[in-house]
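Next come two complexes, and both contain subunit A; in the first it sits with subunit B, in the second with subunit C.
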Partner chain A sequence: MVLPDTLLFAMEAALNGLLSGVMYALVALGFVLIFKASGIFNYAQGVMALFAALTLVGIQQGQVPFADLIHALTGVEMHGFGWTLPAVVAIVLTGIVMIGMAMVIETLILKHLVNQPPIILFMATIGLAYFLEGLGDTMWGSDIKAMDVGLPQGITGWIDESTNSLFGYGFYVDQLNIVAMVVAAILVTALTLFSQYSKQGRALRAVADDHQAALSVGISLRFIWVLVWSIAGFVALVAGIMWGAKSGVQFSLSLIALKALPVLMLGGFTSIPGAIVGGLIIGVGEQLFEFFVGPLVGGATENWFAYVLALLFLVFRPQGLFGEKIIERV
Partner chain B sequence: MNDMSQAAPTADGRKIGGVLMEMKNITLRFGGVKAITDISFDIREGEIRAIIGPNGAGKSSMLNVISGFYTPQEGEVWFRGQRRQPMKPYEVARQGIARTFQNIALFDGMTVLDNIMTGRLTMMKSGLLAQALWWGRAEAEEVAHRAQVEKIIDFLEIQAIRKTPVGRLPYGLKKRVELARALAAEPKLLLLDEPMAGMNVEEKEDMSRFILDVNDEFGTTIALIEHDMGVVMDLSDRVVVMDYGKKIGDGTPAEVRANQDVIDAYLGVAHD
Partner chain C sequence: MFYREAGDFKTSYRDDGQTFPIRFDRYRYYAVLVFGFVVLPFLLNDYWTNAVFVPFLIYAIAAIGLNILVGYCGQLSLGTGGFMAVGAYACYKLTTAFPDVNIVFHILGAGIVTALVGMLFGLPSLRIKGFYLAVATLAAQFFLVWLFNRVPWFYNYSASGQISMPERTVLGIPVTGASVAPWAGYLVCLVFAVALAWMARNLTRGSVGRRWMAIRDMDIAAEIIGVNPLKAKLTAFAVSSFYVGIAGALFFSVYLGAVEVGEAFGIQKSFAVLFMIIIGGLGSIFGSFAGAAFMVVLPVMIKLVLVDTLGWPTDLGAHIQLMVVGALIIVFLIAEPHGMAQLWRLTKEKLRLWPFPH
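And then the complex of A and B:
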């Protein structure tokens, strides 16, 4: 089959856009989850992903937490425990750390903010974001680290070959993006089933809706909050692993949260499938826009395309594609 | 006061048992303000007990003490023969005390059915993992609870709206859904905070009928706060009257109606 070069390049760009959209969606998922379950827009979600990635690398490579601080205070120099743990063990340990973090967040912050308006809780998460960023820095150092948990990377052979035999031009698709797609699919299925069909899922939605009413039917807010933040921590860990493997564990990772915002505005803040679809639209849109319009305006359109799209959505459909329309009886 | 000294069947043959809940010398303060001053009364098994009084008398505060939302500074709460330690509201709910709220506290984003199902959360036993993975036991449990909830839906005649998000319902129906959610917990004691506030005559009649039916058919003990004197006198077996945080009357509707303090509190008294 002979297709014009431009079309082939556009197809390749769209395919890669789809897959990098999944990466955005992974971050957006964490936001949706906490928002759906507790009505809080968790500004710290991106930083949580960074923190999880830092912790994972630190544990895996046997880094001593707070090494610089210990050195400054006591003069004791400790560089590392001298082990390298298998990836699975490190992931499980990091998961435990994230659950511990959920408990601390509940005890120190959420418990004191019962029945407060969402804006107060939102402000609290801004504080949390800055605190976590500082904590991650102090614990693990601010140098860029490589994430190696054994995820495949590089060109995907079968896509290259099959497109080559079909069109006479092989598409370049990173294996990591394929893995991200599979991971995202599993995550979304599990989370949707959990929140729609389980007892805890119902309790979770109840708490998000009305604290007082939830208490009156015997739901422990403490348990639910720890549960929600643990799950959000877990989603952050997954996002941290994928992004860390893609671009290294560095502090700019916390900024990927910014890319999640337009995704959420498109998909709607309350919809898990919305986060995925929003991510895909932004991923593809960004690539195609850069491909077709980029050369005309001097390139680098992917820096702003997503935000302009989100702005248009805010004007014409503020609840997003899949969000719940807010019903207000007067 | 005019406490009934022993258990007695009512005129319509319902059985009223022993003391289910007893409040002993309850005092509740907010800072320097006394909301409740040294109030004692009991609630017997199977009865409909009303708490009445003018605005600001402390009725809702009393209900909040019973349901654990407020912790009194002084006094003892006894439930089923045991003194209750200070408890969180969700722990009280798990003990079998369900309630409704004066201003309706429902989960607006959820359907009527889901709202009522939350009432049964404390009765579901399947663990987190089994639930998350949707294993057989959890599914069987969900089905059983669903069947119970359908009974309550039929009982309160809200079949037609079971899939409607609660946020879309009119006020009167919301009140009924809230009652359904409380009933779903199969409570030993049901607390109703102004179940008929803001309703028209027809809705009030419906609600009165449901309250009586609940008491009659399930034998549920009910404590309710109500403003409408006519409703209270018709519904309740015994009435506690509060005014300015103090108890000024306690007894059958007839006794309370004849009580001079109560008449003064409601109609005002001439000062000279």
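And then the complex of A and C:
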């Protein structure tokens, strides 16, 4: 089959966009979880991913946390513990750190902000984002780190070959994106099963529906919040691993995560499938827009395309694609 | 003792509605103005002007602008950095296109251009609210920064992609450019800050301000009692952007002199100004000044203590500063959601009774 080159390139761009959309969706998932369970729009989700990735790399490579600070305070020079842990161990340890963080966040922040208007909670998470960013940098240093947990990278052989034999042009698809897709699929399935069939999951949905009603039937709100933030921390860890492996662990990770916001607006804040579909739309739209329009206007349109698309979309459908209809009562 | 309404008789409605109903407050306000206009210009050196006073005044203007939108009208915006960039680039384009016109008019013109752009990006606020709007304003932030970065017309096709301010004078005294005296730049900012704060105070307590606050408190109820949400929201966006645009123009022309848009007006700037109004107090003009002062002085203090005195590395100081700012936001939201303005109000209440407990 011989197709025109432009079409082939566009198809490749769309395919890659689809897969990078999955990466956005990974971050967006964490937002949705917390928003559904506590009505908090957790701006810090992106920074949590960055923090998780930093901690993972730090633990794996045996860095001493707060080494710079200790050096500045006491003058003791420390150069790490000198071990390199297997990736699995490091991931489990980081998971524990994220759970601990969820507990601390609940006790120190959320508990005191019950019943505050959502906008105050949102701003509190912005404060949290700044704090975590500073904490991550103070703990592990702000230099760009390479993430190496053994994920496959580079060109995907079978896609290259099959498209080559089909169209006479091999598509370049990064293996990492395929892995991300599989991981996202597993994550969504696991989360759906968990919230549908386990006791805790049902409690979680009850809290999402109505805080007070859930409290009155004996569900511990505080436990559920810790649970939700732990799960969000875990999702952040997964997202952090994927993004970290893709582009290195660095500050811009938290900015990439900002792009999860338009994804959410497209999909609707309360829908897990919405997060995935929104991610795909943004991913593909961004790549195709950059491919067709980018060269005409000077490129780098992916900086803003997602936001403007979401903005225009919202004007016509304020609750997003899959969001619950906004009903206002006076 | 001295802080009482007693003996301060009001004989007209005008007296009754004044901003500082207590005589001591009024005199204190005049004293601050005299100090700012007459005494400070003689005391200022380069370091204090550039590190503290000029950024404080400029951020105060931006904070008042954002406070009008967020604190008074209840429309959360994360696009402040982008609108400041509009102000800066409008000022640059105007001053290079009409070099003979006084710079003050260029800065005001920059404010008007920003107001128009702000209204454009404010249009979606009629359909979307809350977080959705906050994210929608991010579109303004990223799109505008990209625009100024990529379209050469905006930076007059300069090779570096930067814009830099030529020398301009007010009453024959240079206020922008390389050879500007510390006090000249400071005075320009002070005049703008005082005039704009005065205007904001009077706007927010008049009918326009009451309409904004009605929309903030409950938009549907406001609509039912006859507030036009289209007009109220768009005027809030316009006035707010006017302030932010002037702040951006001053930030570029008087403070920095040369600007690279992504660096000076990035998303960090939007958050910095948002923090100022949270810490200072939403819906308060005084709070905007207090928050701006706090956020300008804090990094200077942290640097002074950690880096200069204790000799810690600069990057460690910067990281700790991030942590402190983040923690302070949370502490303020938990302990005093109305910010420093509320603390100030409480202090004044206490002072009125002092030395008696009740």
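Going forward, the second predicted complex is superposed on the first by the 324 of 330 C-alpha atoms of A that agree within 3 Å, B and C clash if a C-alpha of one lies under 4 Å from a C-alpha of the other, contacts with A are read in each partner's own complex, and residues count from 1 in each chain.
FYI, a contact is a pair of C-beta atoms (placed from the backbone, for glycine too) under 8 Å apart; a residue touches a chain by one contact, two chains touch by 3 or more.
If you're wondering where the values come from, they're calculated on a predicted model, not measured in any experiment.
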- Where does A:R202 make contact in the superposed view: on subunit B (first), on subunit C (second), on both, or on neither? first
- Broader residue contact with subunit A after superposition on the shared chain, subunit B or subunit C: C
- Task: May I ask you to decide whether A:S220 touches subunit B, subunit C, both, or neither, giving the answer as first, second, both or neither?
- Result: first
- Message: Quick check on the superposed pair: does A:A129 touch subunit B, subunit C, both, or neither? Answer first, second, both or neither.
- Response: second
- Task: Could you tell me if A:F194 is touching subunit B, subunit C, both of them or neither one (first, second, both, neither)?
- Result: first
- Should A:D174 be classified as contacting the first partner (subunit B), the second (subunit C), both, or neither? neither
- With the two structures laid over each other on chain A, which partner does A:A310 touch: subunit B (first), subunit C (second), both, or neither? second
- Task: Mind working out whether A:D148 is in touch with subunit B, subunit C, both or neither, as first, second, both or neither?
- Result: neither
- Task: Note which residues of subunit A are touching subunit C in the complex, please.
- Result: 41, 68-69, 72, 108-109, 112-113, 116, 118-120, 122-124, 126-135, 137-138, 142, 255, 258, 261-262, 264-265, 269, 297-301, 303-304, 307-308, 310-311, 314-315, 318, 328, 330
- Task: Going by the contact rule at the top, pick out the subunit B residues touching subunit A in the complex.
- Result: 67, 69, 88-91, 93-94, 98-99, 101, 105-110, 114, 117-119, 121-122, 124, 126, 128, 131-132, 134, 138, 142, 165, 167-168, 181-182, 185
- Query: Which residues of subunit C touch subunit A in their complex?
  - Reply: 76, 123-124, 127-132, 134-136, 138-139, 141-143, 145-146, 149-151, 218, 220-221, 224, 267, 271, 274-275, 278, 310-313, 315-316, 319-330, 333-334, 337
- In the complex, subunit A residues that touch subunit B: 190, 193-194, 197-203, 205-206, 208-210, 212-221, 227, 324, 327, 329
